[in-house]
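See the structures that follow.
Paired with subunit B in one complex and with subunit C in the other, subunit A is shared by the two complexes that follow.
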Partner chain A sequence: MNQFKAEVFQNAYLPVGSPEVNAIMTVTVESALGLGSTGDKVIGVIFDASGSMEGGKIHAAKDATVRLIWMLPAETTFFVIAGGEHGVLMAPLARATSDNKQAAIAAIKRVKAIGGTCISTWLGRALEQFSLMPGAIRQCILLTDGENEKEDEPLLDSMLNACEGQFQCECRGVGADWKIEELRKISARLLGSTDIITRPDLIEADFKRILEQALNKDVSDVALRLWTPQGARVKFCKQVSPDIVDLTGRARQPAPQLFDYPTGAWGKAESRDYHFCIEVNPGGAGDEMLAGRASLVVTTSGVESKVAEARILAIWTDDESKSTRLDRRVAHYTGQADLAQSIHDGLDAHARGDEETATALLGKAVRLAYESGNEATTRLLRRVVDVESEEQGTVRLKRQVAKEDAMALETRSTKTARLSRP
Partner chain B sequence: MTRACPLCSVESPADDRFCEECGTRLESPQGAPPDCAKCGAGAEQVDADGYCAACGFRRIASKRDHFEVVVSPSFAGASDRGMRHHRNEDFLAMDTVDTDAHVIVVCDGVSSTEDADRASEAAGEAAFRSLVQSIESGQETRRTALTAALAKAGIAVAALASGARVPATTIIAAVARGGAVDIAWLGDSRAYWIPTEGESIRITEDHSESEESHAITKWLGADAPEEDAPSLSRFEIPGPGQLLLCTDGLWNYAPDPAELARGEGDRIDAVRALIAFANESGGHDNITVALLSLAPDPS
Partner chain C sequence: MPQIVCPQGHESQETDFCSVCGAKMAEPPAPATKCPDCDAPREPANAAFCESCGFNFATGAHGEPKPIASAWEVLVTVDPALRTEESPAAPVSFEPLRVRLNDGSNLIGRRSEKRAVFPQVALDFDDAVSHRHALIELADGRIALRDVGSANGTRLNGSDVEPLRDLALKDGDQITLGHWTRLTVRASAG
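Then we have the complex of A and B:
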């Protein structure tokens, strides 16, 4: 039943006295049928039906939802919520039979764009529906075009606490009037991603992609368990591929020395990379330490099973030729994190009007993207800056940058490239 | 303020990190004898590959746990981890140079400091290299060569210090040639003369507060008092017999030097017998012994 594979890449050799251990772990699922879920899949769609959506956007959102419903295989379960000042359940949880689909579509057609945006109420409604099928793969899609009401912010925070671990949520912002940080807060807690849909007519293709990914999942609620020695500190634990997700503050502690990081559901042939940075009590020359043991834990009806395990080691040495070598994967993902940070800070500086800092940081990003072969990010950067030399990272800010382009760069900057084979 | 070692009950100064007697980490929880050498966790905590489930450190069998040097049938030595310490912090280097100059260096890393094993190795190697060079160049008196060797050893150990980690070691170095032995030392590693006939005698005087205390007053290390010059001694060989150099891991169990005599035959056999004797007596410390058969200069 062990179809998960975990492999650690690191240079275990450290200079004497050095406490920091870095390792990349690649987790691959070869085939995982029947583990950790009842086989049921619940797809929940929440689309923004507030006043700001009026016109082309609400039409596109409704159309995309209708198309998505038609695509649902008969064995899946679904529900639809229209979001405004309250979350209104347009189609309650039901099997995706032809009759149920038609009833849902008829209800969706009656939705009118009206009122404010209180996302906490939308998520609350979704939570009610998902909790009816706790053993299933539970995937939500949230589509909005605007900012959440200020008064809803504290409510949203406590609602996220309630929803964490109960379902996963992909967040999509249509147009350029929504706040990246706001949706990121939701998607990070609910183990999804945030992306921009620049034009309403692109909603459908995006929904289709999310659905395909969700249908591919067949193991839910997988935790990444990290054991560390006494006195150690986890400096960070990040998913670094396919995109960067900082899990450091997300751990539960089932026992002293154990940290469980949520990783959500996994699909067939899925592969992700994680970067661990652990600070340990350093040893003397020749000392060897188990600095971490990382495993994947699947919980099926309350019973935990460990499906893969890998060791992170530390060996202290006086031999500099051993300790100064950087593992190429650790170096690569450290660079990818630096790339994402440079883009974030560069766009921030740009928004503040600090062109000098923005030029320097986005130039650095162009160079890092070039060096690591991250072509997708390079393409997004080229919409914001004119590139003189990719190699040197010399750029000029474009005179006119479309807000959508800056937002696309920001939301997708966390997508990392994988290291090509040497 | 002192605290008792959970393993051997010997009291150590409260700020010592390891028990001077047996090397156990003193922060370890009281109770069953520890099995993890680093943190004192019990045997059940150590996995099949030797990793400790508490502190993560691995117990690795090191080449240094037991090593032997056989220069000739009449000149041999060995160093052994003993029964209680988790690693061997003693060091031994010996050889015959320039056909008839016999060089021996023995060091005992001070267990209450971190990196004591590195300290003894660095000091031993530096002193040994320096002595070999001096003898081969033939330009110095043996006393000058010994003083220079210990000074170089001191520099090598001091270089290991970083922040609060100040490794330290004892040292004893001997050069035997032409009917006499010149010896220099700091600390409580000793030299004995064991005549073929007659009573064995100790040649060196320990640098320690008292015979029993083990609290040494001179050592090599960045925190060694600067004015502390090594003791130097010349011993004229009175008749056929053996020179024995050892650390306290051996002499602790032989209050009477007569107990150190081990008969004729290959010296490595006698060395092994002495190490077995110390281990059978408890093996509380690392054990290092060097034996050299000598006769008076016929000229």
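Then we have the complex of A and C:
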């Protein structure tokens, strides 16, 4: 039944004495029906109703939420929270029947934009609702337009600890007054993404896309389990496609030598890539060992089942023609990570007024995006810099850069391109 | 699951690479493709014996394992006192039977042509004995009884025997089974 497929791409040959093993693993699900979850789907919507949303934004957020509720299939379960200084449950957990939808919509229409932004309380409310259906696929959407109150920061951290593994959360920032780092922190812990919605009238289309993705999921709580040999160290474990998510510090250790990285829910025909970098005790010429065994583990009512497995090898050789060859995929994703970093640092330098560094780094980003065929990122870069040569990476900073454009570039810089077939 | 030991000496739970240190496991020797004795091809590839000369690929000898000279025998008797209420009447004129234990593994049971069961200690007269009832195994001078999952159980010196566990036997031990069958273990002189 389960059709998870795991494939490892690497150059297993290492020069004698070298400890570092790099590998890309591609995981594809053909169909995961009947695995891991009860088949129920819970969609939670949290929209910001703080004072800053007053005017067009609160209208657009309410409208988008109402439209999303209409789109929900009858077999799904939903709830709605309006966020302010407190999270207010506007529509408690209920089946998406026509009556329940109408009651929820009537409640949403009454919401007024007022008060501050304390996201920890919003998430707390959502956690209460999600915990009523633990076996379901639990997906939350969080929409905000502003910064979280300073006093809420420590509370948010402990709330994230409580929510981790309990539900997944997609974060969306409307306009340009919200903090990328803040929403990224939430979406990274809760296995979602963060994106910008530049204009309120685009909220609806975005909600629709998130809902479609959420409804497509049919297996929840999948862990990526990495076994490493004694004495080895995991330098990093990152999801590198569809976007870059560093999982290195997120592992649980169910046993010595085993690391479980959370990957959340998976849908039909979904495919993701992971980059492992493992340091092992180097061997001599001709030695061969297993540097890692990566598997996907689905937990169904407390029982673990392994659904796919792939091996990461290390073979030491003094034949340089073998050991110096870089695997195409490893090289590609190393480049994509470099691209994201260059954009982050470039925009940082730009914000500090260091134009020289910004030009150099954003120019490098343009070249890397060009070389890897990452057209989406190239398009976003072109709104921030004037490009003279993509190939050389020669650019000039635009005199006027809209804040939204810079934020869009930053939030989406972690989206990677897949390697095209050779 | 049997433990496998890697080249570094770790006990591994995996067969391809060591589950402790990751070392590559030594390849198991390739199975013989022809008879080492007469050079005839081994067909099928997993055949237990050579079709041509009867060479046993597992033991490296010819034919069935050779009987081992043993000093053990069982005396088969019918003991009407063992009868329970449901049992049919015990046969009255049953001549005690001496069975010499000549094999490493001696099956106690009832013969069945259909199921190809041919016990060394055949107790066909007692239909409460399972076709495959118990084994008496001889190895390195030791003798042991094992109930192999019989339907009605086995008793050793009057107490029930746990199935699938070896129990050491000694001269004079009484094995009772079926309706009214009694086996006496004897170390025969010569």
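Throughout what follows, the second predicted complex is superposed on the first by the 421 of 422 C-alpha atoms of A that agree within 3 Å, B and C clash if a C-alpha of one lies under 4 Å from a C-alpha of the other, contacts with A are read in each partner's own complex, and residues count from 1 in each chain.
Simple rule for what comes next: a residue touches a chain if its C-beta (ideal position, glycine included) is under 8 Å from a C-beta of that chain, and two chains touch if they have at least 3 such contacts.
None of the values given here were measured: they were computed from a predicted structure.
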item	value
Joint occupancy of subunit A by subunit B and subunit C, clash or fit	clash
Subunit B versus subunit C as contact partner of A:Gly55, first or second or both or neither	neither
Comparing the two partners subunit B and subunit C, which touches a greater set of residues in subunit A	B
Partner chain in contact with A:Met289 - subunit B first, subunit C second, else both or neither	both
Touched partner set for A:Gly373, first subunit B, second subunit C, both or neither	neither
First, second, both or neither for A:Gly39, with subunit B first and subunit C second	neither
Residues of subunit A that lie at the interface with subunit B and also at the interface with subunit C	228-232, 280, 288-291
Residue ranges of subunit B in contact with subunit A within the complex	38-39, 51-52, 54-58, 60, 62, 114-115, 117-118, 162
Contact footprint of subunit C on subunit A as seen in their complex	227-232, 257, 280, 288-291, 293, 311
Complex contacts: residues of subunit A adjacent to subunit B	17, 228-232, 280-281, 283-291, 314
Subunit A-facing residues of subunit C, complex	14, 16-24
